[in-house]
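In the two assemblies presented below, chain A is common to both, partnered first by chain B and then by chain C.
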Partner chain A sequence: MNITLKLYATLTDYLPAEARKTNQLPMQVADGTTPMDVIGPLQMPEKLVHLVLINGHYVPPAARVSRALQEGDVLAIWPPIAGG
Partner chain B sequence: MNDEQLLRYSRHILLDQIGIEGQTRLLEARALVIGAGGLGSPAALYLAAAGIGTIVLCDGDTVDLTNLQRQILHHTPSVGRPKVESGRDTLHLINPDVDVIALQSRLDGERLDAEVAAATVVLDCCDNFATRHAVNRACVRRAKPLVSGAAIRFDGQISVFDRRRADGPCYHCLFPEGEDVEEVRCAVMGVFAPLTGIVGTMQAAEALKLVAGIGETLNGRLLLFDALSADWRSIQLARDPACPVCGPA
Partner chain C sequence: MAWTRKFLRIDLTKGTVKVEDLNMKWADEYLGQRGLATKYFVEEVDPKVDPLSPANKMIFTTGPLTGTMASTGGRYSVVTKGPLTGAIACSNSGGYFGAELKFAGWDMIIVEGKSPKPVYLSIADDKVEIRDASHLWGKTVWETEETIKKTHQDPLIHVSSIGRSGENGVLYACIVNDLHRAAGRSGVGTVMGSKNLKAIAVRGTKGVGNIRDPKEFMKVTFEKKKVLADNAVTGQGLPTYGTQVLMNVINEIGALPTRNHRDVQFESASKISAEAMHEKRPDGKSHLVTNQACFGCTIACGRISKLDEKHFTVVNNPKYWGASGGLEYEAAWALGCANGVGDLDALQYVNMLCNEDGFDPISFGATIGAAMELFDLGLIKKEEIGFDAPFGSAEALVKLAEMTARGEGFGKVIGLGSKRMCEKYGRPDLSMSVKGQEFPAYDSRGIQGMGLTYATSNRGACHLRSYTVASEVLGIPVKTDPLTTDGKPELVKAFQDATAVFDSSGVCVFTTFAWTLADLQPQLAAALEGDWSMDKLNLVGERIWNMERMFNNSAGFTSKDDNLPPRLTNEPAKTGPAKGLVNGLAKMLPEYYKIRGWDNDGRPTNETTARLGL
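And then the complex of A and B:
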């Protein structure tokens, strides 16, 4: 199935170069894939995976390993930010 | 309010939600603005224009040429001057009635606590987690509303932490401390010029609402802004019952 991964702020460094213009990456994943299944292979430091959202709704840490993504879902990940 | 003030603030006074009573609250208020950079610039400009009576502006830095791409409180001739002095001059040009107290230092310890205690509302416009956590602790201790904004690259976050509302989280509930989160500064990562304007202006709006006592603030919510996609999201925040800062001691 098709999903879209969006990485914000400093996490955009973990996107392939061609995806950085829009900070989003279309992906094909297997049925039953969870947010952590997508996040894990990107090898982002755990402390930078601060907020996880599916279609704009917050996913608490415990649900990141259990909630199955659906066709068309947008998975968004924000690091902690402090810039001003 | 004198005749000139009635005229100056007439477009606020026309608003049913603000009126004379709300504008009087703004004139009597004291706002503590921590950081006179990308976020503090638009925040302080709008607070001054809107008639906040006293603005305490804190920043230990001097104006650098690289600041001028976004820090609209400062002008080209201000390069090399303390940011708080440059900022005070600009705020007085916009509104000479405002009492601007310029503190050229990074506030901490007892001075931070005293300034928070004296403030009606606190705006965290700084650029690092250590200061953000220190400001939060002082706001929790003194039960003062905190308007927090942050921005980097093309992305920004805004929230209000108002401990006068028993159910609301504090900054520490959302951003636990001591996790060795790498500081990512605009100097290294870059920041889109108007992003800091958008986030700082939202901070001013929330601060004015808190002082005037109108509307629903961002207390218990985090607003996320993605400038590349022109997309806003608002997520609900829960209080951490085990929070070492705002939880039961």
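And then the complex of A and C:
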């Protein structure tokens, strides 16, 4: 199935070069894939995987290893950030 | 104590300068800066005063940690009654002006009356003069700073001044210091203009003394700097990407107010984000040049940028080709998303105009958004403006910014703010404001707690009075659900009271992304005589909030003013996680009053005022 991975701020560097300009990467993944299945191979420091959203909804750490992604989902991740 | 124990009272009507002793009993009860100056203000000024009359006063005020070794300890505030809202106004700024004022030996300046002619205040340690500013009137902030430094032959002077918008009565004029730091909201610069006070120029050489336990103070401020450095937000995220890193997050969660809050997601958000500022342009340069810190700051979140010299805004105007302050998230949102404009360079140019001529980009941008909606509805005609002003027009945004800065044509209407403008065109419901002040960059349909934050903010809609975004979106200090109203009254009260303490201390509220009150407390305790326990600080924060509220109540505000525009409570979000949701203010407000110890009309009960010593 098709999903979109978005990585922002300092995590942008973990995207392939061609995807960094848009901060997003279309991906094909197997049914039952969880956020951690996508995150793991990228080898991002754990403490930088802070804000994990699926379609804009926050995914708590415990659910990142269990919640299955669905066709068309957008998985977006930020390191610890703030502003205002 | 970290106080000089002296302040200046400047009577502009009489042209006199007086030195007075700081009321140390009040400093013990209200800490400093926002709290202490507001105490002076409410004791001295009739709540019903016309904000632009000579009877209104304005107080430039520092905190006990301003000018010290505490990280970010360079803040000052301006307290007055705001012309945009008619409520208490307190605008906080960084840069170097606040610390310099303390170095000159002054904790505060109370300005009263109205000068018969333009003047500026010159402070060089103990030498304080009211000087003629006829030659500065009509000049921008940038010209004023440069001229004053040349006049005094001293590049180390720090200047707070107003630009032409403050002279022209733009109701959301700022006071700008150090070229691009500002006491930005509520029209404090308009009050300064109404007094014919163009600038305050300060040079201080005395340093800061009177720290209660200098050894302990150095030890604890060092430890707390390490907390900031080790924290991923204050040590890495903010210095690298600045506040603008929020643009894509807030868009993703569907809380980015777009086109005057018609939408909650902006299709061009990524083009005006922090990531876009880092990106290389075709000319090989990126928009962002560097980050910058204010006095004593170990975070350094500020942005310094250069726009594309070939951009239509500046191609014939090299004056704007140099590096300058911005963009910050709030300005990028207000100038961009609120109007549907996704042109990064146009936003930076307008932001430079806001700094150069001293007007609040949030209220200005949001007012343009309302004007574009009125134009879209046919209620404002092209003939009135002089050109088309549809949503998304960078050209219209730029022209209206130039006209507002100069007080020309339709810029005079934009300068009234969205509330007065929308009332003029028969659609007060289209002003996205509370108590007359425009919303900042978070849609309260997608971040429920911010609806209560805005509705109850003592200075009108504002994110800096209780930034529940930290918890509801960013997980600081703990993650809460932005789509529910549950627990939000408690959360808002806790943020409001704690923020009042930080705003009264002399440090920046951005430290709260890593610090809690428990980190601030030992720094205050080492600096100040007396009891500065956590219990005391919690009480002081609540006391300050209630004092401001009581001033507003006396000024004529009631529970009816703790409200949101009908768009946010009646029109559901169209897209994103909050699709179908409105803000649940009606559910949160009664609970909030109860937690506050206020009656059903939003007035502190006798029991509450007695408990707080008010």
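In the analysis below, the second predicted complex is superposed on the first by the 81 of 84 C-alpha atoms of A that agree within 3 Å, B and C clash if a C-alpha of one lies under 4 Å from a C-alpha of the other, contacts with A are read in each partner's own complex, and residues count from 1 in each chain.
Operating definition for what follows: a residue touches a chain if its C-beta (ideal position, glycine included) is under 8 Å from a C-beta of that chain, and two chains touch if they have at least 3 such contacts.
Every value quoted in this text rests on a predicted model; they were computed, and no experiment measured them.
Engineer: Chain A superposed: clash or fit between chain B and chain C?
Structural biologist: clash
Engineer: Now for A:Pro26: first (chain B), second (chain C), both, or neither, which partner does it touch?
Structural biologist: neither
Engineer: With the two structures fitted on A, what stretch of chain C runs into chain B, 204-212, 384-392 or 474-482?
Structural biologist: Clashes occur only in 474-482.
Engineer: For chain A, which residues lie in the overlap of the chain B contacts and the chain C contacts?
Structural biologist: On chain A, the residues that contact chain B in one structure and chain C in the other are 6, 8-10, 12, 22-23, 47-48, 50-51, 53, 56-58, 76, 78-84.
Engineer: Applying the document's contact rule, which stretches of chain A touch chain B when the two form their complex?
Structural biologist: Result: residues 6, 8-10, 12, 22-24, 45, 47-48, 50-51, 53, 56-58, 76, 78-84 of chain A touch chain B.
Engineer: Under the definition above, what is the set of chain A residues touching chain C in their complex?
Structural biologist: My answer: residues 6, 8-10, 12, 21-23, 47-48, 50-51, 53, 55-58, 60, 74, 76, 78-84.
Engineer: If we count contacts the way the header does, which residues on chain C are in touch with chain A in the complex?
Structural biologist: Answer in residue numbers: 231-234, 236-238, 240-246, 248-249, 252-254, 270, 274-275, 279, 301, 328-330, 463-464, 467, 469-470, 473-476, 479, 481, 509-510, 513, 576-577.
Engineer: With touch defined as at the start, can you tell me which chain B residues reach chain A in the complex?
Structural biologist: It comes out as residues 35, 37-40, 124-129, 132, 149-157, 175, 179-186, 189, 191, 196, 222, 224, 226, 228-229, 233, 235-236.
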